[in-house]
């Protein structure tokens, strides 16, 4: 574990994990002396009845200040404003956000407005805008993948001015992250697979990108180990609580890892596909993961090789020679994608063209690949990728990912080779 | 325990470093303006940016800075260091003078610097990425290969930047930078 | 990987490590609404010029350091903290920076308690809530640090103050602050930190998050210890300091193990340093746990201690034993520089017995009646615990 | 009345478990190497005791040796030495005492006594020329030291007795003989742990005659003239006793005030020897025989009481900011009857007062007020209430309740009544003294402040001076004569008396090691060889001192002592006395390095192989 | 040359030797001397003989006969003792 020349690591979130961790909610609220929490969620979560355990946990003593449950798929300023209004009206003193990434981002936005009691998010954009601790925020993730309960960035779109506002601040980290296996019990197999692979990508990229550091590495390895041991179980038997808890912990660990070590090209391209074709984030990640690792092999081949251990276990790592390991890792990830495809009955794609929406038509047509490539160049994650990407590189990766064949590594324009392991082309 | 045995300590100044960074910023600023006329790729990059693009790279808390942006008729100009009277769309702050020294003695490339959290950027992300690409190209022009290969992840090979284009470009950029 | 049914994990400290990290402090303080820190340190750090390095790093920041209080001594007493509090108020400071080992960090944490609650009496803080709003507090570990700087604990006048909020907001680990020390002074804090990390991840209630921090800490220490002791290259010393700082976080998130309890009691009774006792007892506590407890020692320990290759090469069942062997190798390997058995410290037998007695009852159910004494006896002459299963 | 010429060399080995005794003949070689007294007692324990045994357990032993000069009538030779492993500090402790027991034991025909094992019922020993009787002490159990001695002195010349403190295993209980004590280190607790209430000796069965009568008479006359001629022994001590130091220390800033925070105090003169002599119309009450006559007794509101020694006045008076001599005498009486060391008791109570002031410890003790102190002393002796903790000494209490920085002790032994920040050499002496913070190991302040021959605030050549003084004190304690003879025997010699002061000061400050060799210490060996017959030169005499010091260090290192323990409490290293405006800190590390070099120890304070071999100490325990 | 005030405190029975009537321990003997005089001369004025046996202290430190006094101070004179 080489100590980097410089790194920063921070995760100020109090993690509470367990099969019925939610029962500790009153205790948590008391510790941040809040008596009137507001519950924010989205229709899907509410519909699936995931709010009941939260209400039961609050019990008689603590009366929820109100439940707001129509947060749209990706959070926007308008929703944040009227939740804040409701929050002030009911004189709540803390927020419990139950749901996926967008619910959490919305909750963070609301927390900014109510704590700084203003109602214009614009003057908090950018670095160092927030100076003080905000009101308490308790995050209860219902998908084991985005890891947004551990990240310090909130992304809120302003649809009128069609711009995405970024709020990177340590004060946005939730006070508590409650990992309760009951929250993901009802997650369907396909969604479990996407979100788990999303977490896997977070961990792999965190292990191989530029601001890699000892703590992100060990949390990433732990996350990959937990996922590779529990993903099949979680997909095949949704009821297995132990697997659910493991996946929830894995996603939190992956969140902890990538929120410090940042992610690279896979996320850059993934975001662009999501933006243009509205494909769920996890789906793009699982497809692009092997291609990202292949593209950077000449820079971080030895690191990819080391990932073989958490993925396939000690025996596989031991039997392979150092040069073979990176390719074996990538092969293992592709196998995992195909196994998941079988287990989810074809819903889990192994390449871009297999991504289909609910009623079966292709979501990522071939001709749209060039726009995706152009958009991905401007995604912030590109900075942290070990190797530069220009338009042609991105397009080449997208083409191969569309087809589903491995990258032709001779075509990659290689910068200074830093991989300690000579991977044969 | 008498209080005045423990006096207050004012922070000193780092004048030489500030001067060095100021000079480097001035050179890079003018070089960007020169490159925007000389190099095709840089021209395209600027083309894609919005018309009122105005970038201000400066060192906290009150260190040297440089402003590059598009003036009224869309030409890219180096606009000195004083942000007054100009509407900044992309504000890149280097956290401290030592961080700026690391960047401008090329011990840390722009990407590594932002990876090490030396920069605090506010403004939309696509502009930042564009500016970083522009900066890489300008550095290839300004500096000999050995230094730039540290400052950039991938030194543009023969295929992307023909030697003729590089050397001619370098001459033109130097000429334009140092002629007023 | 076994996940416990319920666990909590919290790490308030943000680690900023590496080249020119000190220069970030002015920016970090301003981002926490603070402009005037009080520096708490001891004479040794001042003499070594560490304070001067911080003042230079403050150059061009335009900020002011409230004062440099260098009155902290090896034993932190309430009087020192009260003096610092008076200075804090007199200068109108709003944040605290501690440079130095354990005692400076303890004094700084207690100071934070006092000034945030605007009181003069430390003794009223019996049990501390976990949500106090304290001033921004930055810790700068030096070569004297042994891990407790980044923990939730502060010990003033022998009294323990413990709360999640006492953890520092930021730990700035800058190579310029890690001055070269003698061989023993480099080894002991590292081995103590490793002992705490090993104990945390071999506890029955180990959770994956604390394990990943513990593995990172152990790996950093084991990989860099030999290099730091012999050559003392910047990278290895920095790695070691990071490992030690992370072990403080790990220690705060784990229940107290029998090893550290025994080391604490032994240090109080014999006047030896806590680091030395922890280092000597570490392998023997593990050896006893390997053979005499149901859960024995988990195989994963071998990974951070011996590295990925030796781990994968080892057979599944052997890993626990090999893990303990590896720890023995590292600690006993240091016998050229530090005493590695209690016999070398000439500790009388009756002190061993009274130490075992003091610790016995709180660990009886886990380690059985004579457990503590067997650990001490095997640590006395340095052999392996004989009577166990294997 | 039979006669012994020289010394009988016969030691009684008493085994309390088996209630048996045997006679041990001291080999000539040991007598030559260790002379007797502290030296020989220590050697006997070195041969018999294993390191690491429990001081209050069955295997701990007490070795008493009267020394060669006792009974011969030499000046100030009425003292005997005792050595054991201290329960308070966990290392060896050696004390000397001027009580009547020494003379009684010597004149019963025995040179010394070793007590082993543990008796299951309270017992006391009766020694006469035939041997030892084990007598039942059930009815003595619970009596105070003076009453016990009255009971058993009906048929004996002198006795050793412990009080209730020893019975209840107070870690700093002492052993009384008449109104003199084997004071420091908790020897009373060791006897208490063996259920040994007292030892009495018949006495007056033998007459001790020196081998060379003529040479002995000549030496004795010269010694007596020196004592009567020197104005320290004949002036300060004879008139005002040890309390002559009160005003001197007060002027020199050495007086412990308010748990060693101040060095002087305006009211200190109230408890000075001069004012006590006038107020209580004191008369002599000393060891027998004594020529200096430093012990006094006086009429304290109606009762004839022993005047407290300087250490008691310092630590139970000024250190607690109590300046009423009557109150101090009350404390002294309780400690005498209960059988407790006044220095440790004073130091522990001072810690308790400051810990209460800071809220770390619950008690109603307050600086400056004497009420409550008597009750606390009684509670300590009977292990009741807060006495149960205070009976363990200030090191134990400070580790349990906090406040380690103002527990003024080294290696567990509370510090005597001299503030080392006023005399840096004394700081080194406290740090390295084998027994703990004891002032009788090397009185460096005497040279630095009283005689003013060395600069008190510099570290230069203090290490060699402390080594020299340690050697000479150990040697004197091995003859067994009173250490106060140092001033008359050394200062009255021709060289020292008539050489000009500036020359002396110059030599001592810059070349202490060399200057010391010129000091004429011939009188002690002269007395010794006159009694024994075989020659003992000055250098050989000093080498005995060095041998005893290093042997004691070897035995302590076997108990775990090393450089980490050779230190001073935090307060003395980091805080400054109120009267010291220049705030000078003790340069302990520098002096320690130099001392280890001069002593022949390694960097960690463990005696080197070469040093042990050159001093002819048989290697017995791994160090 | 302006004068300075020296308070002379006598201990260990010195006041009897110098036969000073009703000597008050707290206030001691007050003498006015001009600035910069040595201790030797101050002692001579007060009539003390046989200087070798006495120790002189001022401000908590031992002073010797050649010490000069610039401002008013308090001097304690005592006979030497031996510790114990």
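Note that the chains take the letters A, B, C, D and E in the order they are written out, and that residue 1 is the start of every chain.
Note that a residue touches a chain if its C-beta (ideal position, glycine included) is under 8 Å from a C-beta of that chain, and two chains touch if they have at least 3 such contacts.
From a predicted model like this one, the values you see are computed outputs, not experimental measurements.
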| Any chain that touches subunit D and subunit C | none
| Touching subunit A and subunit E alike: which chains? | none
| field | Most remote chain, CA-based centroid, reference being subunit E | value | A
| note | More Cb-Cb contact pairs, comparing B-C against D-E, go to D-E
| remark: Per-chain C-alpha mean nearest global C-alpha mean belongs to chain C
| request: Please work out the Cα centroid separation of subunit A and subunit D, and write it as a whole number of Å. | output: 75
| message | Suppose each chain is reduced to the average of its Cα coordinates; what separation in Å results between subunit D and subunit E? | response | 34
| note | Between the Cα centroids of subunit A and subunit B the separation in whole angstrom comes to 32
| Per the centroid of Cα atoms for each chain, what is the distance between subunit B and subunit D, given in Å? | 78
| For subunit A, residues contacting two or more additional chains | 5-8, 128
| Contacts with two or more other chains, residues of subunit C listed in rising order | 18-20, 71
| note | In subunit B, the residues touching two or more other chains are 116, 120
| note | Touching pairs here come out as A-B, A-C, B-C, C-D, D-E
| note | Residue set of subunit E touching subunit D in the complex reads 9, 11-13, 25-26, 52-53, 55, 57, 59-62, 64, 76, 78-84
| message | Considering only the defined contacts, which subunit B positions touch subunit C in the complex? | response | 1, 3, 6-14, 17-18, 60-63, 95-99, 102, 116, 120
| remark: Touching subunit A in the complex, subunit B uses residues 91, 93, 111-112, 114-117, 120-126, 128-130, 132-133, 149, 152-155, 157, 159-160
| note | Listed in rising order, subunit A residues that touch subunit C in their complex are 1-19, 21, 24, 31-33, 128, 131-133, 170, 214-215, 217-219, 221-222, 225-226, 229, 242, 245-246, 249, 252-253, 256, 306, 309, 314-315, 317-318
| said: Please output the residues of subunit D touching subunit C within their complex, sorted ascending. | reply: 51-54, 57, 90, 358-360, 398-406, 557-561, 564-565, 570, 573-574, 623
